[in-house]
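One chain, chain A, links the two complexes that follow: it is found with chain B in the first and with chain C in the second.
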Partner chain A sequence: MRTLLLAFAFLPALAMAEVSLITEAFKIVPVQQADGSVVEEWQTPEKVVPGDKVGYRISYNNNGKEAAEGVVINNPVPAETIYIANSATGANSTITYSVDGGQNYGKASELTVTAQGNTRAAKAEDYSHIRWMLTQPVEAGASGKVEFKVRIK
Partner chain B sequence: MKIQKLILPAAMSFAGLVSFGAQAATKAGIEIVNTAALNYKVNGVAQTQVEAEKKLQVDVKIDFNLARADIAAPNASTEIDVAGSKYYVMGKFDLANTTNAPTTFTLAPTNGDGTEALGFTGTDYTSLTDTKDPVSSLFKLYSSAAGAAAPATELTGNISLNEDGNASNTTALVWVLIPTSEIKGVDKDVFAVQLTATASEVTVVGEANPVAVVNDVANTDTDAVQFVFADDAQAGDDESAIGNATESAWDALFLAFPDFETTDPTDPTNPTKNGFIKTSVVLWDPINETNNPKAIPGATVQYSITLTNLGATDANDVNISDAIPANTTFCDSSNSPELCADVTSVNAPAATLTYVAPTTGPALNGSNIEAVFATVKSNETSTITFTVKID
Partner chain C sequence: MQTIKRTPLLLAGMLASASGWAATSVGTQIENTATATYYAPSDATSQLTVSSSTAFVVQEKIDVAVTSSTTNALEVQAGSTAQVIEYTIKNTGNGDETFDLTVSNGTGDAFDVTNVKIYLDDGVPGFQGTETEVTQINLTPEQATKIFVVVDIPVAQSIDDIANIEFNVTSATPGAAAGNQGDILAGQGDGGTDAVLANNAGGAIKASSYKVTATAGLVVITKSILSTEHPTLGSVKVPGSVVTYQILVQVTAAVNNLRIVDDLPLNLTYDAGSLLLANSNLAGTPLTTTNASGNTDSAADADAGRYDANAGSNGRVTFVLGNQAAAGDYTIQFTATID
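After this line comes the complex of A and B, so read on.
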């Protein structure tokens, strides 16, 4: 009976907010500009081979009628890829990383790994997961995105 | 919370043990899956997790290197025996596959045309160019492990190597052999050969049959497995100039024989241009004595025989025999004082040559002056002198 009541209590909330999520992948290509500078362009990933940089863009959209609070996005670094240091971005978010398969998260400067009894500062290639915690609610109808880059092994 | 604290060090250690160092290239055809998960609350109540997934198929990166195994020197004209037949080695090439898929390469040898720079770095070979072609192009292709001393497996125009990072069979030594009967030439002839390797087929994860290599520069299909040609890539290349799935390299067979037969009639007494020279000089006659002596009866004449190996390899068991000329009589210091001298061998007459003393002789044996050299190396010389009286 108690379980049933609790379920009932949640129901209105479930019905009132709906956040959708899209992941897109791009091939990152350095393109020389007319003025000689080189700019990284995010292009449709027609051909992707080892050594290429790939950018992921995760877009969220609050289609509901209530603000979404405490939004947390978790993204494992895909298999066969290595996270590129400092490449994760996201407006109004706190970005943390995991080096233990997503069990614990910490800021880049705080993470350590232990190998054969020696503890050292974690490197970007040690990261297994990336987490964005949004510092602001996503209002009804609002949208946003976070991004990160990897290199294909 | 207590449990998590206990688990934490163990989990950290485990993560640290996983190797994230330099790794083999991801195999062509593998799908890279990215999954993002979003959790949120509405009015303090946790909502159902939302997930979004994106898959990328890894394409084929054709990348390999073909290079002459010995950058310094051409192959020596040393006969080798392979499967019962005699061959010379015309080319030895290292082929290394760094493509992210097992790859089959088509191999094609072609004769040099005399114009190309072969680029040997060894001091004696820097200016080497192709001088001759074999009688026919009966090339045999063989492979062996890199660095092996002999060809091992005959190839039928192609070779298959494993993908980058595989523990075995990603490199091979490719041999271009030519039957010795097809090589006709003289000392220092250069038979250059170019080997071309073209990536023709790859094995892709998820495909039952090998996939033919095609140029996909203009292909914009994001779903199909495509090819990127990364061979020959140089910093600053634009995409159209990076690679064509083909690499080629030169090597050569350098004929090296001992050679005493070279003659240059324009400079007949120069031992650096003539392998075998005989000269004579009148030393004394009974009338003029040493003052412009003439070849009259009773005159003393000195003969010199200069032997020089102008070939590129050692000559062994070299025998010299020179008959005392008709109408002359051998003389030496023991039987005539008139500038007759003992048979001897003298030092190198040219700075670029090295003197070699006979192993036996020189000496008069019967009516012949004889000398034996166990070995006369390339650019070694010896001059044998003897004197006679004109009858």
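After this line comes the complex of A and C, so read on.
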């Protein structure tokens, strides 16, 4: 009886678009390659200490039977971290930022901060939130990812 | 004028904001939550929401910064004592940390400083000599403290002689001293976290130097208290305690009619027959009749030492050392009892 009820509860959702998110954190470690160049490797987030770079990957997947439209991914910059300028990426997305706790969003070049009566252009460390607005619907069964990097204070 | 005056202020503000983050405390859990909203084409009025979180714990970073008050060599006179270099040690890590403090004499220089001591600043500006000697300090994150490294300069040094020292500040966490930057000390962080060595492998070395800019006088005299011992109460300064004084006499070139005079302070009584004289530098070593010669208090005999209870305000010890043909050292010792 219990099983049946649960199955019914899920049915409407399955019939529509159903987007799932997975958030993963990585410690970004510069690793020198054989040819002398240095490549940033994304490793499991163990032994993270102040000053380290951490990368976040948010993977989305549409498990439903319909496309998901108007997909917007919001991510506050985690506490005790500073967003690293220009580090947010995501295919087919418009990336905007908030400097007021997520109330308003704008492009990096348009944001300003007012402190002690002086208005200046916002810096990456001022950002409180990051937003990705996907420019294309996520079709049924399709998936993708967005990423950004921070530094631990 | 207004503009010129404002510029440094603005610059200072920018610098502070660029590097002014307090390190995230060890053990802090950093959590990230992403949220997505979307519509299904079949029902464009209902916004759907989904979110996902991930978290990790910040480990302990062991890091320290050391600066000194003197960037150039400290200019000293040969034979001078208690030459002070002031250091500031700051815990730039994110956990409570104990640091070992040591001073090592550098190599490739003209001489080594002697009698090296490390003192913790007591908050009173400058070094008074009443501070506490330390070999370790505990610092909380971002806490800074002042340390004095105090040394003596040998009498024999010449002008422009240089002595180098290294002031070493090393994390006392097991494995830190021998570790390299980036090493992970499993379980050694605060609260059971791992500790990660940052710059200088969890320690820092500050090099300093002393430059002799004046030679010693013909005779350099250093007086010190070797010990204060009560017959039954131990090492305390109370009435009845015996104070052992030593006077190191360093002759740097030939002198004639050398006479060492020491008036006793008030509230002490000279211990009759306690004069001892050694023809070498035994400063810091208790003198006995085995390593030194006993001198009588009488002025009438042939030995150098004498005591005159009626001279000075509270008696006077005198050693008549006479003509010195060449450089050499003497150590004098006597005792007095606190009234």
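By definition in this document, the second predicted complex is superposed on the first by the 138 of 153 C-alpha atoms of A that agree within 3 Å, B and C clash if a C-alpha of one lies under 4 Å from a C-alpha of the other, contacts with A are read in each partner's own complex, and residues count from 1 in each chain.
Here is the rule we use: a residue touches a chain if its C-beta (ideal position, glycine included) is under 8 Å from a C-beta of that chain, and two chains touch if they have at least 3 such contacts.
Here the structure is a predicted model, which means the values were calculated and not measured.
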{"item": "Fit or clash - chain C, chain B, common chain A", "value": "clash"}
{"item": "Partner chain(s) touched by A:Gly64 [first = chain B, second = chain C, both, neither]", "value": "both"}
{"item": "Chain C versus chain B, contacts on chain A by residue", "value": "B"}
{"item": "Which superposed partner A:Ser128 touches (first chain B, second chain C, both, neither)", "value": "first"}
{"item": "Which of chain B and chain C A:Gln103 touches, first, second, both or neither", "value": "first"}
{"item": "Chain B versus chain C as contact partner of A:Thr114, first or second or both or neither", "value": "first"}
{"item": "Touched partner set for A:Asn75, first chain B, second chain C, both or neither", "value": "both"}
{"item": "Touching partner for A:Ile22 - first (chain B), second (chain C), both, neither", "value": "both"}
{"item": "Superposition clash, chain B versus chain C, among 238-246, 292-300, 346-354 or 382-390", "value": "238-246"}
{"item": "Set of chain A residues, in rising order, touched by both chain B and chain C", "value": "16-17, 19-25, 45-51, 54, 56, 58, 60, 64, 66-76, 78-82, 125, 138, 152-153"}
{"item": "Touching residues on chain B, where the partner in the complex is chain A", "value": "4, 7-9, 11-17, 20-21, 23-26, 28, 30, 32-45, 47-48, 50-54, 56-61, 100, 164, 216, 219-222, 226-228, 230"}
{"item": "Chain B contact footprint on chain A (complex, rising order)", "value": "10, 13-14, 16-17, 19-25, 44-51, 54, 56, 58, 60, 64, 66-76, 78-82, 99-101, 103-104, 112-116, 119, 123, 125-126, 128, 138, 152-153"}
{"item": "Chain C - residues contacting chain A, complex", "value": "17, 21-24, 28, 30-44, 48, 50-61, 93-94, 184, 194, 196, 198"}
{"item": "Chain A residues within the chain C interface of the complex", "value": "16-17, 19-25, 45-51, 54, 56, 58, 60, 64, 66-76, 78-82, 125, 137-138, 152-153"}
